[in-house]
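These are the structures, in structure tokens.
Below are two complexes that have chain A in common, paired first with chain B and then with chain C.
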Partner chain A sequence: MLKKITEVKSVATREKFVREVILDEIKDYITSYRVDAMGNLIVYKKSSLNLEEPLSVMMVAHMDEVGLVVTEITDDGLLKFDYISIINLDAIVSKRVKCGDLQGVVGSVSLAGIPIAERCNRVKLDDLFIDIGAISKEDAEQYVMPGDVFSFVSDYVEFGDGFIKALALDNRVGCAIMMDALKGDYNCDIVCLFTAQEETAMRGAKAAAFGIKADFALNFDTTLANDTTGVPSHMMGSKIGKGAEYTVKGKGTVSDLQLVDLLKNVSEQYSLPLQMGNLAFSSGDLLEIATANGGTRNIAISVPARYAHTPVCVISNKDFCVTKEIVKMFLHRINSDMMKGRD
Partner chain B sequence: MIKNLCEIPSPAGEEHKIKKVIIDELKSFTDSYYEDTFGNLIFIKKSNEKRICIECGIDEAFLTVSEAVENNLRFTVSGFINASDFADKEAYFDDKSICLIKSDTRENRQVEHLFAKAETERNPGESVTLVPHFQEDDGKYTAFNIKYKAPAYALINAIKNIKQNTNEVYFVFSVVKCFANRGVKALLQSGIEFDKAVCISCADDTEDGVLIVAKEQSAILTPDIKEELFNIAKKTGISARLSLRSDNFNMKTYLTDGCGTPCGLICIPHRDNSVKKNNIKFAVQLISAMCEKE
Partner chain C sequence: MDIFSFLKEMDKYYGITGNEKDIAGFVADKLNNYCEETWNDKLGNVFGRIPSKHENAKKLMITTHLDSIGLMVKNIDENGFLQFETLGAVDERILPASEVVVFGEKKSFGVIGAKAAHIAGADKNRPQSKEMLIDAGFKKETAQNIIQPGDFVALKSCLVQLLNNHISGGGLCSHSGIAAVFDFLEKVMDVDLPYDLFVVFTVGRESGSVGAYSAAYSVRPDVVVAVDAIQGKIHSKDQTKGSFDLGSGCVISRTPDVSYEGTLNLICKAKEQNIPFETNASGWITMSDATAMQNVAGAVHTFLLSVPIRYMHQTVEMVYLDDISACSDLIYLISSGGVEIA
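So, the complex of A and B:
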């Protein structure tokens, strides 16, 4: 399933492609669904028990991915672009990109003629373009126009010691966790929010959150694993291979301490490795979900990822599987005792 | 009371202890109170007239332990914290166990440069706040966290001073203010509507008198609220003056969240971790007079 949904290209604002794949996968396990005006996919699954007022849990993961948006076609048929979300420009030069069936490569002005000492830090957005092999502006305009979006081309590859490299692991991983969870039955009502446009400042979540009120919110995403050579351990964020990651306090969000305790409890009971992220990063959609409708008790659960927002995002399959399991066990453990307050 | 408020650690998201103290202080001075889903503590003085909100934050700057190896601690932060505020100072955990915060560097300090040695075993995720070292003399209160606690102290005293409110007033002690005013954001997105709001905070300033903030980041003080505040100050002999700020989001949240609420911002001047007693008194008088105004 992860291979299938990471290979669908759905840059922010073009989520319909991955939405179709997700729906096709989960339709036999849900009560109902709707797609709102922003393109969010909102899925409902009733509790398996016939309770009068079951607890409700909202699960959130964004469907979109980073990409490039065409801003101008030059006279010689090259495409100037801007990036959707934050992208490391060094990581995209010479990479293949695609817009529908239209192929291209990200090129840059030649470094020939530039003194070697000045070649460092040369990658600037103004120096980059997408080359689709057009010979003129008129030629390029037959295939593309400003506003069209390109995504990166990157195959799903399993390598090394259980590592996965794929495009858009941020955040098809989160989507896959929710899709897997939906296949189970739980005592609580579930609302799954597959959000659109998270990479453009959480626009989808902001809109969707107004229409949904739940007792708890769980946000799933990738998180920074900066665990490579030369980084002090307290600056690593989280580490690949050490299990699912949770946040106590992110940039602007505070996890509910009861939910944190429950998560730790589940991890211990089922021997599922869990780590706390030691850098306070933004929890994406949770920034909007946490305060909507007067606030929702929430927690962010993430899969550590290296090189996010590049065509070669990498996770550990073990971390991914552990996170799926922890989430399912966590959902089974949510009960009315959780509503007794957080003090 | 202000000493007590300063000496109760209240990192964002962990305001429960200070809320208990505030409830004990105020429950007999208001018609009702409740805690909303997000954790904001709200007291109400009822009336059939317009509904106004008077709000201040109750959380304070903190660090989160990101790594604990053999009691050697490293920290991270997720709010708008200046690492230099913590360097070379004592900080304590919720159980009042103290550690001395040091820094790897003297220049361009970031939170990632800070470290400490704990007396007892600690865990990642725990929060530390500055040990306030509260002092009081004839003219002022001094504590490392006074700028976070003085607004709540002023609001508590103002509520106790109100004899008869004209409008219905929601006194909001908001949580998670350090994270871009998220408690207020949640309150406004709950659907509750106010005719106007006034926020109380502290601002770095040396002069006497309450500051009425004319512009904060991109938010501009609503003209009729500005006029109202100055008229009240003039009538009651309170020293007040206009100020500009660029360092916070108090007003912007009211203007852009929920359905939008006209708002004002009153600041109590602070400098070198001290607040003058007179300035707190002016703030108390201004807030009380605002609630009693016809």
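So, the complex of A and C:
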């Protein structure tokens, strides 16, 4: 399933493609769903027990991926672009891109054309463009317009010792975790937000969460595994192969410590490896979810990923499976004891 | 010949400068369909011969190179990541977030890492290859069982068709020339040629024309027609010296390392026959296989025909398919005796 949803290209604002695939997979396991004006997919699954007031758990994962948006077509038919979400421009030179069926490549001015003193500088947006093989502006205009969105091209590959490289692991991994969880039955009411536009500063989550009051919110995403050689350990974030990751503090969010304890408990009980991420960077959708509707107790559970926001994002299959399991067990363990939170 | 299909078939084979075995096998196999004799030499050059039916025919050798830029494993670090060297003039800007194939005991997929944008922001300079690491997904012990320092690494290519008969993929700086030569060989099947025809696919052009020297030495041709790649203009205002628009046709070099009279005659004939071409004029030698072959074993008449390639030495090299056909037309023009050499 991960292969299926990572190979669908759905850049922020164009989530409908992957949304259709997701809906198709989960429709038999849910009570109802709706799609809002921003393209968020909101899915409801009622508790399997006939409780008067079941606990409600909101789960969140964004459907969109990073990409490039055409800003201008030059006289020669080259496409100037801007990026959606933050991208390390050093990582996109000479990569394939696609807009629907239209193939393109990210071309760059030749090194010989750059003044010698600047040749070691980081790649600049001005030096890059998308080349679709058009021979003039008029020619290109038959196929693209400013505002059209290109995604990267990257096949799903299993390699090494149980590693996976695929497009948009950030955050199809989170979607896959939710899709897998939805196939089970739980005591609590569940609402799943497959959000749009996380990559443009969590704008979808803000709209999706509006008016949906839940007792707890769980956010699923990839998290930075900056664990290559030479990185000091305090900059690593998390490590691939060491299991699911939870964050205590993200940028602007703090995980509910009782939820964290429960997670650690589940990890120990079922021998599912768990690690704490130590880089307090962006919390993704959780920032919007945690503060919406007067605030919700929350926790972020993530899969460590290397090379995020590049076409070669890598995760460990073991971490992915562990995270799926730990989330399901965690959901089963959420019971009325959890209502006794910090007052 | 359907040039794109030929290139797509060849796209699966890699010829990394210094280890061209993978693609040499593919080429040698194809060459058997056209040549009476085919053989390799000790360096890995692939030769073919179509003897002339005429007595005392002069020897004409068509040459193009097998190799492309690549990488070499230098060391496996304590975490199983591979440190590497670049081979040939790799444009290092393409390396971060590239996919690679490591030719160890078995082929292994890998990626060259790149910092996530969230943490790359603070850097002033772009990463250098000596700081980069290949991630093949192995721990050190597993890696050491199948990979060792000195193993070659190819930059993964996927040839795609863009608009207007343009194509893009890795390795086109050598594959275009190979396609042009095979397109030519299709044209001369059953044609009575005035020359004793040799074809050589050389190794190590990206490492200083290593194969070219020995190929010329062993064959001792009278005439050499070298096929190579040349910088393609990226846009109409691209002022880079020595670069040409895609769609120029074949680029004929008028440089000190080619035959002055022969090339002049070629240009006149090309105009007569409406074969699209441009001229690369320069006072500098081109440092191509033509340069190597011109004087290594006595003096030889040389021609240098090049296919314009955009984004040279990147994995998205771009070519206009008709430029490859134009190149093969000019090879045919010379080999069929249509051009007075001296």
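Some points to look at:
As a convention for this text, the second predicted complex is superposed on the first by the 335 of 343 C-alpha atoms of A that agree within 3 Å, B and C clash if a C-alpha of one lies under 4 Å from a C-alpha of the other, contacts with A are read in each partner's own complex, and residues count from 1 in each chain.
Everything that follows uses one rule, which is that contacts are C-beta pairs under 8 Å (C-beta built on N, C-alpha and C of every residue); 3 or more make two chains touch, one makes a residue touch a chain.
Since this is a predicted model, take the numbers as computed values, not measurements.
In the three-chain model built by superposing on chain A, chain B and chain C fit together without any clash. Look at A:306: by the touch rule set out above, it reaches chain C but stays clear of chain B.
Using the contact criterion defined above for the overlaid structures, shared-chain residue A:75 touches chain C, although it does not reach chain B. Comparing chain C and chain B on the residues of chain A they touch gives the larger count to C. Touch criterion not met for A:50: it reaches neither chain B nor chain C. Vectors from the Cα centre of chain A to those of chain B and chain C enclose 130° in the overlay, to the nearest 10.
Of the two partner chains, chain C is the only one touched by A:91; chain B is not. Contact with chain B, but none with chain C, is seen for A:293 once the two complexes are overlaid on the shared chain.
In the superposition on chain A, A:234 contacts chain B only, with no contact to chain C. Note on the superposed arrangement: chain B and chain C approach each other to a least C-alpha distance of 13 Å. Contacts of chain A with chain B, set against its contacts with chain C after fitting on chain A, overlap at residues 235.
On chain A, the positions that touch chain C within their shared complex are 74-76, 78, 85-88, 90-96, 103-113, 120-123, 131-135, 139, 143, 153-154, 157, 159-163, 165, 224, 226-230, 235, 281-282, 306-312, 314. Chain C meets chain A in the complex at residues 77-79, 81, 91, 93-94, 96-99, 108-121, 123-128, 131, 133, 135-139, 142, 158, 160-166, 168, 231, 234-236, 238-241, 243, 247, 310-312, 314-316, 318. Within the complex formed with chain A, the chain B residues making contact are 12-14, 16, 36-39, 64, 66-67, 74, 76-79, 112, 124-125, 127, 176, 179-180, 182, 185-187, 189-191.
Contact residues of chain A toward chain B in the complex are 210, 232-235, 248-255, 257, 260, 276, 278-280, 290-297, 342-343.
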